[in-house]
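What follows is a set of structures to go through.
You will see two complexes here that share chain A, one where it goes with chain B and one where it goes with chain C.
Let's look at the complex of A and B:
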C-alpha cells in the first residue's frame, strides 16, 4: 500500500524557492533514505510530508487521504506519524514529562502513559534519568529522549531529519538499531534524511537523491551509487571518476566508448553519442603484472601518477590516456608496493562503467 | 550621639527603627508592598493574555505594536501619574469612582505603568521558544490550543522574570504614587513618597530606614529573578 503520494510539490519562503516539482511515493513498511547536500530541501520536504506546514502547490495524500482539499484531517493524520529532528529538542521539564507529551496530547489514560513512558525509556537505556530534568542531559541522551517521545505514540510513519548528525557513534548506533528493529518487527514506515551516504546505504531499502530543491533520482541504494542519472548526482554520491567520452560502436552486449583514444567497454546501452563515463574508484582493480586470468572486460596497462591516503583507503591515480582514480585498501596498496611512476595493470568490469549523457556546459 | 554626624546618627537610628519594628515604618512598608503587588497582579492578569495574543496571532502592524510596547517600557512615571490623575479627578470620566488619593487609585496608576512592560516582555519570552521547538510540538500531535499551552508552559520562567521586573519598576517608582496618591500620612504614603518627604524635611533617619527596606525589596526581587532565570 502506498502511504504517501506527493506530486509537483512546491514550497517557497518569501522569494526563496526551497522545493519544486517534487514527486515521491512511499510504500508501507519501507525505509526510504533521502540524501542530498545541505540546503537541498530535505528538512523542508519532511516537514511538508509530516503535515507540519503546508506546501504552496502540489498534491499530497497521506494514508490515502487527500490533504490539500481538507485541512480538517491534518491533526488526526499527524497523530499517526512522528518526527525526530536534527537538533536534540527537549522541553524544560522532567524526562518523564518530555516523553509523555505526545500521549497527553492524545488524551491517553494515565496508567497507559505511565507504562509506555517507562518501557520507552528502558528501550533507549535512560530509565535511571526518568526524574531528571531533560535539559541537564547530554546531546546524545537528549536525542534518545526525543526518540522515545516520538516512539511512545506508535507512529505508523516515522520521519527522521538527520537524526544522528551531531551525535557520538554510540548514540548513533543505538538510534539506528532501534529504527531498524521497529521497521522489521512493527512494520513501521521510515523516511530518513541524511547527508551521511554510508548511513543512507546502511539503513534504507530505497534512496532518493535531493539536489537543489527537487528529487533528482530514486531507486535502490545500489542503483543510486552505481548508476547515477546525471553528473550532479554522481558527484554527490562520491563517484571519483566522471570522464568525458564518445560512443564509437556496439560490440555484442557492450557499448564501446573512447576517452582520449582509449577504448573502454561499458555494459550500459549508449544514452547519447557524447557521454560521460561514471566509474567508482572501488571498482577499479590494480595489479602488479598482467593477470593470467581476468574476467573483467577492460584490461590495460597504466602508470601510477599520484597516491593519496584517505584512511582506511588510498586514492591511487593512474594514467592510461585518461586519468583514473582507483580506491585501494591501505593493505592492498602496501602489498602491491605502489609508488609514483610505477607501471601497473588495470582491470575494470564493463558493468562497472556507467554511461550518462554529457552535461551541457 | 547628640553632636555626631547627622548621617551616621540617622543610620544608627534607622537600624533601631527597623529592629524595633517602628509602627510607622511597618505601616508604610506594608502599604507599599500591598499597592505594588496588587498592581503587578492586575497588570499580569491583563498583560500576559494580551501579550500571548499578540504573539500567537498574525496581524497587520504586529511589528509596530511590539516596537510601541518596547518604547513604553521607559514611559515616564509622572506622565502616567498625570494622565491617571486627570482620569480619576472629579472633572475626569472616572471621577465617580472616588479613587483619587486612595491606595486603589495608586494601584490603578501602577497597573497602567507596567502593563506595556509586562506585555512586551511576555511577547519576547514567547518568542524565545525557537522554531524547532514549535515544529516538535506540532509534530507530536498537539492541537492548536495544546500548542499554545505548551509554548506558554515552556516560556513560564521567562514570563515570570518579566513579572518580577514589572514589580521592581512599580515598587521603586515615585511619580505616579505621588501624584495620584498624594502622599497622605496613614492613607497613601508609601516607601518612595515617604523617603522623598522625610528627606526634604531633614528627617534622615526615617528616610534611611525606609531606603534600606526598599533596597532590601529590590534585592529580594533580584535574587528571585536570578533564581528564575537559572531554570
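Let's look at the complex of A and C:
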C-alpha cells in the first residue's frame, strides 16, 4: 500500500524556491532514505510530508487521504506520524514529562501514559533518567529522549530529519538500531534524510537523491550508487571517475566508448553519442603484472601518476590515455608496492562502467 | 607604597593636597571611562532623586495635611479608579494584543506587515493630546464607533469606558511590541516539535510558546499599565470625569492651589512606587527561560 503520494510539490519562502517538481511515493513498511547536499530541501520536504507546513502547489495524499482538498484532517493525520529533528530538542521539564507530551496532547488516560512512557524509555535505554531534567542530559541522550517521545505515540510513519548529524557514533548506532528494529518488527514506515551516504546505504531499502530542490533519482541504493542518472548525482554519491567519452560501436552486448583514444567496454546501452563514463574507484582493480586469468572485460596497462592516502583507503591515479582514480585498501597498496611512475595492469568490469549522456555546458 | 600609605601622616597628606587612599590601590585601579559614565548617569538619576527629595521634605514637614489629603475619599477613589481602569485596559490588551503580537512575530516580512507595524506604533509618536483627540472623535456620541455603541447603552464621553479606551489606545504599542519580542525569541523549532507530537496550532501556542513568553507578557503588561495610569492628555479629551489621578491633580492645582495638589501627587508617588516595586519583584518567580534551544 502506498502511504505517501506526492506530485509536483512546490514550496517557496518569499522569493526563494526551496522545492520544485517533487514527485515521491512511499510504500508502507519501507525505509526510504533521502540523501542530498545541505540546502537541497530535504528538511523542508519532510516538514511538508509531516503536514507541519503546507506546500505552495502540488498534490499530496497521506494514508490515501488527499491533504490538499481536506485540510480539516491534518491534525488527525499528523497524529499518525512522528518526526525526529536534527537538533536534539527537549523541553525544560523532567524526562518523563517530555516523553509524555504526545500522549497528553492526545488526551490519553493517566495510567496508560505511565505505562507507555516507561516502555519507551526502556527501549532507548534511559529508564534510569526518568525523573531527571531533560536539559541536563548529554546531546546523544537528549536525542534518545526525543526519539522515545516520538515512539510513545506509535507513529505509522516516522520522519527522521538528519537524526544523527550531531551525535557520537555510539548514540548514532543506538538510534539506528532502534529504527531498524521498529521497521522490521512493527512494520513502521520510515523516511530518513541524511547527508551521510553510508547511513543512507546502511538503513534504506530505497534511496532518493535530492539535488537543488527536487528529487533527482530514486531507486535501490545499489542503483543510486552505481548507476547515477546524471553528473550531479554521480558527484554527490562520491563517484571518483566521471570521464567524457564518445560511443564508437557496439560489440556483442557491450558498448565501446573511446576516451582520449582509449577504448573501454561498457555494459550500459549507449544513452547518447557523447557520453560520460561513470566509474566508482572501488570497481577498478590494480595488478602488478598482467593477470593470467581475469573475467573483467577491460584489461590494460597504465602508469601510476599519483597516490593519495585517505585512511583506510588509498586513492591511486593511473594514466592510460585518460586518468582513472582507483580506490584500493591501504594494505593492498602496500602489497602492490605502489609508487609513482610504476607500471601496473588495470582491470575493470564492463558492468562497472556506467554511461550517462554528456551534460550540456 | 602600601605601607607608606598605611603609616601615612595626615598632616603630610594635607601638604601634598591628596588623601592617602588616593595614592594607593584606588589610583591604580581607576577606569576613567567608567567613572565619567557614572558621573553623567548620576546627573540624570540625580534629577529624579532631587525632585523626589524636594517634594518629600516639604510634604513630610506637614504630615497632618498630607494624611488628611491622602485619606480623603476623593483621592483614594481616584487612585483606585486609575489603577483599575489601567488594569482593565491591560486585560483588554492581553486579550487582543497577544494574538496580534504572535502574528507579527511569526509572519514573514512583507509590505503589509510593515504597514501594520507602523499602525501599531502610531500612539507612540503622536502627541498625547492628538491621541486623545483621535479617541474622542471616534468614540464621541456622534463618532463612527461612539454612535452605534451609545445606541446599545455604552457611553464613552465622561464615563469610565472612555477612560479605559483612551488608556488602551496609548498603552497598546508598549504591550504589543514587548510581547512580540518575547514571541520572536521562542524558536519555531519548539512549536514544530509540539506539532509533530500531535498538538494543534493553538495547543502548541498554549503549551509551548505562551509559557516561554510569560515574562515578556508580564513586563509588557507592566509597561502598558504604567503608561496607562500615567495618561492625562489622552484621557481628558474624552473623559474629564470620572477623575483619574492625573486629572484630579490638575484640577486641584488649578482650583485649590499647589498645596493640595502636591499632597495628592506625593500620595500617588508612594502608591505607585509600592505597587511597581511589588510587581517587579514578582517577575523573578515567573516564566521558564532556560529551555530555549
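The rule is short, and it goes like this: the second predicted complex is superposed on the first by the 361 of 361 C-alpha atoms of A that agree within 3 Å, B and C clash if a C-alpha of one lies under 4 Å from a C-alpha of the other, contacts with A are read in each partner's own complex, and residues count from 1 in each chain.
Basically, a residue touches a chain if its C-beta (ideal position, glycine included) is under 8 Å from a C-beta of that chain, and two chains touch if they have at least 3 such contacts.
These figures come from a predicted structure and were not determined experimentally.
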Should the superposition on chain A be reported as showing a clash between chain B and chain C, or a fit? clash
Would you check which partner chain A:14 touches, where first means chain B only, second means chain C only, and both and neither mean what they say? second
Chain B versus chain C as contact partner of A:79, first or second or both or neither: both
Looking at A:106, would you say it contacts chain B, chain C, both, or neither? Reply first, second, both or neither. both
Give one of first, second, both or neither to describe whether A:124 is in contact with chain B, with chain C, with both, or with none. neither
With the two structures laid over each other on chain A, which partner does A:265 touch: chain B (first), chain C (second), both, or neither? neither
Look at A:237 in the shared chain and tell me whether it touches chain B only, chain C only, both, or neither; answer first, second, both or neither. neither
Which superposed partner A:338 touches (first chain B, second chain C, both, neither): neither
After lining up the shared chain so the two structures overlap, which partner does A:149 touch, if you call chain B first and chain C second: first, second, both or neither? both
Counting only touches as set out at the top, which of chain B and chain C does A:91 meet: first, second, both, neither? both
Take the contacts of chain A with chain B and those with chain C, and give the residues found in both. 47, 50, 52, 75, 78-79, 81-83, 85, 87, 89, 91-93, 101-102, 105-106, 146, 149-150, 153, 159
Can you list the chain A residues touching chain B in their complex? 47, 50, 52, 75, 78-79, 81-83, 85, 87, 89, 91-93, 101-102, 105-106, 146, 149-150, 153, 159
In the complex with chain C, residue positions of chain A that touch it: 13-14, 47, 50, 52, 75, 78-79, 81-83, 85, 87, 89-93, 101-102, 105-106, 135, 146, 149-150, 153, 159
Parts of chain B lying in touch with chain A, wherever the complex brings them together: 132-133, 135-143, 146, 150, 153-154, 157, 231
For a test of understanding, state which residues of chain C touch chain A in their complex under the given definition. 108, 189-190, 192-200, 203, 207-208, 288, 290-291, 293
